[in-house]
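The following blocks contain the structures, represented as structure tokens.
Two complexes follow with chain A in common, the first pairing it with chain B and the second with chain C.
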Partner chain A sequence: MNLSQYMVIGRYIPGNSYIHLLDARSKLIFVFLYIFLVFLTNSILGYLILLSFIIIGILISKIPISYYVKGIMPIFLIILFTIILHLTTNKAGDLVFQWKWIEIYSQGIEQAVFITLRLLILVIIASMLTLTTSPIDLTMGLERILNPLKRVNLPIHELALMMSISLRFIPTLVDEADKIMKAQKARGANFETGPIHKRVINMIAIIIPLFISAFKRADELAIAMESRGYRGGEGRTRLRVSVFTWRDLLLLLIFSVLLITILSIRGL
Partner chain B sequence: MNNRIRIMTEIAIIAALAVLLNAIKVYEAPFGGSVSLVMVPIFLLAFRRGIVPAIIAGALTGTIKIILGAYIVHPVQFLLDYPVAFALLGFAGIVKINKNLSLKQKSIYLTIGIIFASSLRLLSHFVSGVIWFGQYAPENMNVYLYSLLYNLYYLVPEMIISIIVSIFIINKIPNFFIREDN
Partner chain C sequence: MKRKKSLNQAILISVMSAIAFIIQYFDFPLPFMPPFLKIDFSEIPALLIAIMFGPSAGIMVEFLKNTLHFIIKGSETGIPIGQMANFLAGTILILGTTLVYKKKSTKGGLILGLILGSISMAIVMSIANYYLILPFYEKMLNYSTTASEKLILIISGIGPFNIIKGIIITTLMVPIYSSLKPRLKIN
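Up next is the complex of A and B:
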């Protein structure tokens, strides 16, 4: 087992589609508002509109559909479970289907479709954000959106910096863990088979060296930062600064159209 | 040495370690719940640096999990299941483990801290489950019982494994995880 191969951390797929090139701030705000739009919608027609919008988004993003399907898998069982619950317990409306003791009513079907659409839309829109935006861009976007909170003494810059350091060190630690695992395997440790208590005890042989090296890295990094004169966020500049473009304006326009459509359907 | 910068880098690296351990499944239960050592780094930081840095490390872990791809089914659910649930683990630092304690006392203190913090995490997942599953479940279903059982189902094994591993670590390398300020 090669740890760095079997462990996929993050799902970002680089690209240069319209969605990739949007400012991270616009994408974050859009997804946030879109989720509220989903909860504002109360009809299957509304959900079909929101879903077709997402399908267009998937096509524009130029990311293979299989990646989105992978994002749905963790909640697939939950969706299935909810569908079965609604189909079997909701006895309102007309009787549509009957086989032995199984009776399915029209309202049950309606509820099941409603919930499936809602869950699918929510999960796919979140996947789309993480598939098309790199974690570092998202962190920077979050920092700039939350920047006003500095006024109430929240250390937004420090939090964002810690997040960037974390993201930067995850691959390093993965490599490190991989090396330690191989070293312990060469000494005869077994992590894949055997009873669970044995595997947990074997894990300790990885975790202790990992902890010691992690703290060593933290210490070295702190010394390096201090010797380079790090003194917090005040007056710090960036190598790359993203700016709003026509793309972000277009996104705002698209959202307004969606909002008006959803509100008018709701009013019907 | 500027202690503030050192604490910041430790928080960041501990969060990275938690995200890494989160991906190594000790065992996988059916229906999605999986058991990993994700909580251990946050607990150990809580014993080393106290409650506040550990809370920040936990919140970072949760936020990074979202950025790397999480499932969101409800606006409140996503806050409670990720940043809040992991931030609450920092409360393991209510117990103070110092050098003068015997091996047995250290283990008992550590267990109390971990059980307390895990219960807070359970509470967060439980409330989240009631809120979001309540939106989707049929009206006659007992959402409270379902949410409690579902979360206990993977959190209890995860907590037990975390306690065992933490006791091992704190006895092997005690100097790393004992509060320096007392």
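Up next is the complex of A and C:
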């Protein structure tokens, strides 16, 4: 068993599409507003519009559809469960289908379609964000969005720095854990068979060396940063600078059109 | 020298959050429990940090861990409700544990603290599920349940789940604490 095979860090697929090149800030804000829009919508027609918009997004992003399908898999059961729940318990509207004791009413079907569309839209838009934006860009985008909170003494820069350090260390520590696991197995440790409580207890043999090495690595990094003159967020320059371009302006326009459409459908 | 210490602390918190995230990544559902209640022991790095630097540093680990989880793994519904619930549970566990440990900084104090923390975690999470988390999912799925249905889910699912989680964390935390104790004091 190789730990790093089990764990593909992040789902980011590098690319060059319109969505990839958007500023991380605009993507984050857009997704946030889009989720808001999804809850504002109260008709199947509205959801169909939102869904077709997302399908266009999928095509533009030039990411194979299989990646989006992989994102849907975890909630597939929830969707199925909700459909069955609505079909069997909702007894409003006309009787559409009857077979022995199963009775399906029109309202039940409507609700099932409604919720399925809602969940699909939410999952796909969230996947689209993480598939087209690298975690480090997301962190930087969040830092820039939350920047005004510095005024109320929230340590936004430090938070973003800590996020980036964590992100950087995840693959390193996964490799480390893998190495420790193999070393302990070579000494006769057993992590794969036996009763579950025994297996959990055996995990201690991995966790303790992992913590010790984390202490060491943290010390080393602190010394390295100190010796290079790290002095906090004030006046620090960046390797990568994100700028607001025509792409982001276009996204803003698209969102306004969507908002107006949804609001007018709601009013009907 | 003051800055060096705080930088050290910030980096250790970040590295521990990465470990917590890795542990959380391999969560598993319990048998006989609803599948959305997944167990993991990613609170352990946060508890260690809380013992070293105080509860606010531990809560920081919880925050970073859940943010990483949301950024990398995403949320099933697009809104990080599961991550928020995990953050709340971890925060309560840390506060409960450090409350006792601060007064009695020994192995016994830690065990007592973990028991207090686990119990308060189970209670707070039951209340939060009743008033916040389950109503959120109801809205999400457009399906309303009665108060008694919610109570059954909480008594048979969420309460025992948090108690089991507390037991697992306690049984792992105590030996880890004993072997890391010299290290914790140096820092």
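Annotations
What we mean here is this: the second predicted complex is superposed on the first by the 268 of 268 C-alpha atoms of A that agree within 3 Å, B and C clash if a C-alpha of one lies under 4 Å from a C-alpha of the other, contacts with A are read in each partner's own complex, and residues count from 1 in each chain.
Quick note on the criterion: contacts are C-beta pairs under 8 Å (C-beta built on N, C-alpha and C of every residue); 3 or more make two chains touch, one makes a residue touch a chain.
It should be emphasised that the depicted structure is a prediction, and the values quoted were computed from it without experimental measurement.
Superposition of the two structures on chain A leads chain B and chain C into a clash. Judged by the touch definition given at the top, the superposed model places A:199 against chain B, while chain C stays out of reach. Judged by the touch definition given at the top, the superposed model places A:211 against both chain B and chain C. After overlaying the two complexes on the shared chain, residue contacts for A:179 are found with neither chain B nor chain C. In the superposition on chain A, contact of A:36 is made with chain B only, not with chain C. Once both structures are placed on chain A, chain A residues 7, 9-11, 35, 71, 74-75, 77-78, 82, 85-86, 89, 111, 115, 118-119, 122-123, 126-127, 130, 135, 138-139, 158, 161-163, 165-167, 169-170, 173-174, 177, 200-201, 203-204, 207-208, 210-212, 214-215, 217-219, 221-222, 225-226, 230 are touched by chain B and, in the other complex, by chain C. Chain A meets chain C in the complex at residues 6-7, 9-11, 31, 35, 38, 71, 74-75, 77-78, 82, 85-86, 89, 111, 114-115, 118-119, 122-123, 125-127, 130, 135, 138-139, 158, 161-163, 165-167, 169-170, 173-174, 177, 200-201, 203-204, 207-208, 210-212, 214-215, 217-219, 221-222, 225-226, 230-232.
For chain B in complex with chain A, the residues that touch the partner chain are 1-2, 5-6, 8-17, 19-21, 23-24, 26-27, 31-32, 37, 40-41, 44, 56, 60, 63-64, 67-75, 136-138, 140-141, 161, 164-165, 168-169, 172-173, 176.
Remark: chain A residues 3, 7, 9-11, 35-36, 39, 71, 74-75, 77-78, 82, 85-86, 89-90, 111, 115, 118-119, 122-123, 126-127, 130-131, 135, 138-139, 158-159, 161-163, 165-167, 169-170, 173-174, 177, 196, 199-201, 203-204, 207-208, 210-212, 214-215, 217-219, 221-223, 225-226, 230 touch chain B in the complex. Per the touch definition, chain C reaches chain A in the complex via residues 3-4, 7-8, 10-19, 21-23, 25-26, 35, 41, 44-45, 48, 60, 64, 67-68, 71-72, 74-79, 140-143, 168, 171-172, 175-176, 179-180, 183, 187.
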